[in-house]
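Listed after this line are the structures, all set down as structure tokens.
Two complexes are shown next, each including chain A; its partner changes from chain B in the first to chain C in the second.
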Partner chain A sequence: MPVDIWLYFILGFMIIGSIACLEIKNILSSIITIGVVGLSLSLAFLFLGAPDLALVQFVFEILCMIILIRAFAKRSIEVRALQRDVPETIIAIVILASIFVLSIFAFKDMPSFGKPIVRVAERYLANAGVETGSQNIVTAVILNYRIYDTLGEITVLFTAILGTLTILRKTGRKKRHAE
Partner chain B sequence: MQNNFPNEGMSVIVKTITRFTVWLIFLYGLYIVIHGHLSPGGGFAGGVIVALSYVHLTLAYGKNFVMERVNKFAMNSLEAIAAILIVLTGLVGLYVTGYFLANFMGIGKLYTLLSAGYIPMLNIFICVKVSMGLYLVFYYLASFKQQEG
Partner chain C sequence: MILYIMCFFLFLVGVYGAITKRDLIKIILAIGIMGYSVNLFLVLLAYRTGALVPILKKGLNIPANMMVDPIPQALVLTSIVIELGVTALMAALAIRIYQKYDTFDITKIRRLQG
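After this line comes the complex of A and B, so read on.
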């Protein structure tokens, strides 16, 4: 089968998974459905011929699921039944339909599948081995041509970890507890 | 290894299996990092796998078993040192070639392990940074206790 059909199948699977994630009342099942979405995305990357990205997505999804399960599965979280009003539902449907119609017009002008509009990729594919000495062209792009982006990513990760440690540190919590 | 916290963590079956699997996961992460410029993977993916081996140990044996062996302050420092080393690599490139973060080492022979200039070095720095940081995030999020009342 061609790649497109597999991609449509995986995308449908992901949409079903995200709807199920929102509708399931049990929090553990909900987290596992998030994992279904992430692992399907990893599979989609694999079908598109991007093993680097598939590996990162696969591994990171597992870590995220472990963190989510450990952090939230045993918590007592109130489940509130949503009460949807009629005018709100109508407004939501109208906005969604208009975004859908607009996106159809927008995606018509996009370049077709597998034919990128950016020409710099061809230069990378042709010269990456000679210019950087790296056999893996993805690594050559990430760590040589586009290393400023990687530096920014590392800064983002550093900031995220700093924020987590600041919010969840023990000393601050103890002080507040003593008051 | 002596286990001072035998009652924490999961059952004996999980602990015994963990003893066989955790170093395989760790070595696979290191393999991915070191061969980042030859095969799919790289510093980020390998770093997450290394962090997952720590997570594996924590889930099976309990967090006190791990925290007895690794130092939280050392992990914090290693992460920050790796970040500083990446910027220092950029500054060395600025000094040698005139461009920030430019490749200042020889490219070497294609398809060999020691090639591609500074890419393997940066992969190792990124691995240290990502693994330590993600394990610390896991540790703090998983050991966070909900306050009563």
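After this line comes the complex of A and C, so read on.
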């Protein structure tokens, strides 16, 4: 089967899964449903020729589910009325639908699926083996051509971890006058 | 083009969840869905029909126009890792809010309202 048909199937599955994730009342099932959506995204990456991304997405999904379940599963046993008022929801749906209709005109001008405009990457694809010595060109791009991006990524990740630890620490700042 | 439109629809589902749900956990999940759709869109733009994975093999000379565009893949790899950090940060904030206000309902968190 061609890749397109697999992707239609996977994308439809992801859309249905995410709607279900947002509408299910039980929080634990909703977190597990978003796990299903993420794993099917990993499958879509495999079909699109990106095995590195598929692996990273898989690990990300597992970690994300562990974090979310650890954080929320105990605290949300009670069933809540989740929806906002009906008029607000209707207004939101109307605005989003109009954005969707307008976006169709915008997507007409994009390069069609399967025929990308590859300008910068031509040089990387031709020379990466010789210039960097890496067999995987994605690795060559991350760790050689765009190394500053990776540096920024590590900075952002480190900042996020610092923020998480700061928010979650048990003991606050010690008071001066206690000493 | 239909694939791009479906991908954008997935993004709009995420936006819908983020603006209409009252539950903080649901809002975090909706932001996650938006992240998925953006990542998928970038990788969809990079795909070339019938192309191979951008990995070189010894003794097998694949011409450069038979491989997928590697740059969006590299950038999406960055973005996925950042998303994990952002999700963890949002979860930590939600836990703190729950400890302080005893609820995840954003309409009941009075002091956050303007």
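Before moving on, here are some points about what is shown:
The rule is simple: the second predicted complex is superposed on the first by the 158 of 179 C-alpha atoms of A that agree within 3 Å, B and C clash if a C-alpha of one lies under 4 Å from a C-alpha of the other, contacts with A are read in each partner's own complex, and residues count from 1 in each chain.
Going forward, a contact is a pair of C-beta atoms (placed from the backbone, for glycine too) under 8 Å apart; a residue touches a chain by one contact, two chains touch by 3 or more.
None of the values given here were measured: they were computed from a predicted structure.
After alignment on the shared chain A, the placement of chain B and chain C results in a side-by-side fit free of clashes.
Legend: residue contacts after superposition of the two complexes on their common chain; A:V86 is shown touching neither chain B nor chain C. Of the two partner chains placed around the shared chain by superposition, chain C is the only one that A:F100 touches, whereas chain B remains out of contact.
Applying the stated contact rule after C-alpha superposition, one finds that A:Y148 touches chain B and leaves chain C untouched. In the superposition on chain A, contact of A:T132 is made with chain B only, not with chain C. Once the two complexes are laid over each other on the shared chain, residue contacts for A:G12 go to chain C alone; chain B is not touched.
In the overlay built on the shared chain, the residue A:I67 is in contact with chain B and with chain C.
Chain A has more of its residues touched by C than by the other of chain B and chain C.
The gap separating chain B from chain C at its narrowest, counted between C-alpha atoms of the superposed chains, is 5 angstrom. Shared contact residues of chain A with chain B and chain C: 51-52, 56, 60, 63, 67, 71, 75-76, 129, 135-136, 138, 140, 142, 150, 157, 160-161, 164, 168. Within the complex formed with chain B, the chain A residues making contact are 51-52, 55-56, 59-60, 62-63, 66-67, 70-71, 75-76, 129, 131-136, 138-140, 142-144, 147-148, 150-151, 154, 157-158, 160-161, 164-165, 168-169, 177.
If you check the complex, the residues on chain C that touch chain A are 1-10, 12-17, 19-23, 25-26, 28-30, 32-33, 36, 39-40, 43-49, 51-57, 64-65, 67-71, 73-78, 80-89, 91-96, 98, 104-105, 107.
Those residues of chain B whose C-beta lies close enough to touch chain A in the complex are 32, 36-45, 48-49, 51-52, 55, 59, 76, 79, 83, 86-87, 90, 101, 103, 107-111, 115-119, 122-123, 126, 129-130, 133-134, 136-138, 140-142, 144, 146-147. Across the complex, chain C is touched by residues 3-4, 7-8, 11-12, 14-15, 18-19, 21-22, 27, 30-31, 34, 37-38, 41, 44-45, 48-53, 56-57, 60, 63-64, 67-68, 71-72, 75-76, 80, 82-84, 88-89, 92-93, 96, 99-100, 103-104, 107-108, 110-116, 118, 120-122, 124-126, 128-129, 135-138, 140-142, 146, 149-150, 153, 156-157, 159-161, 163-164, 167-168 of chain A.
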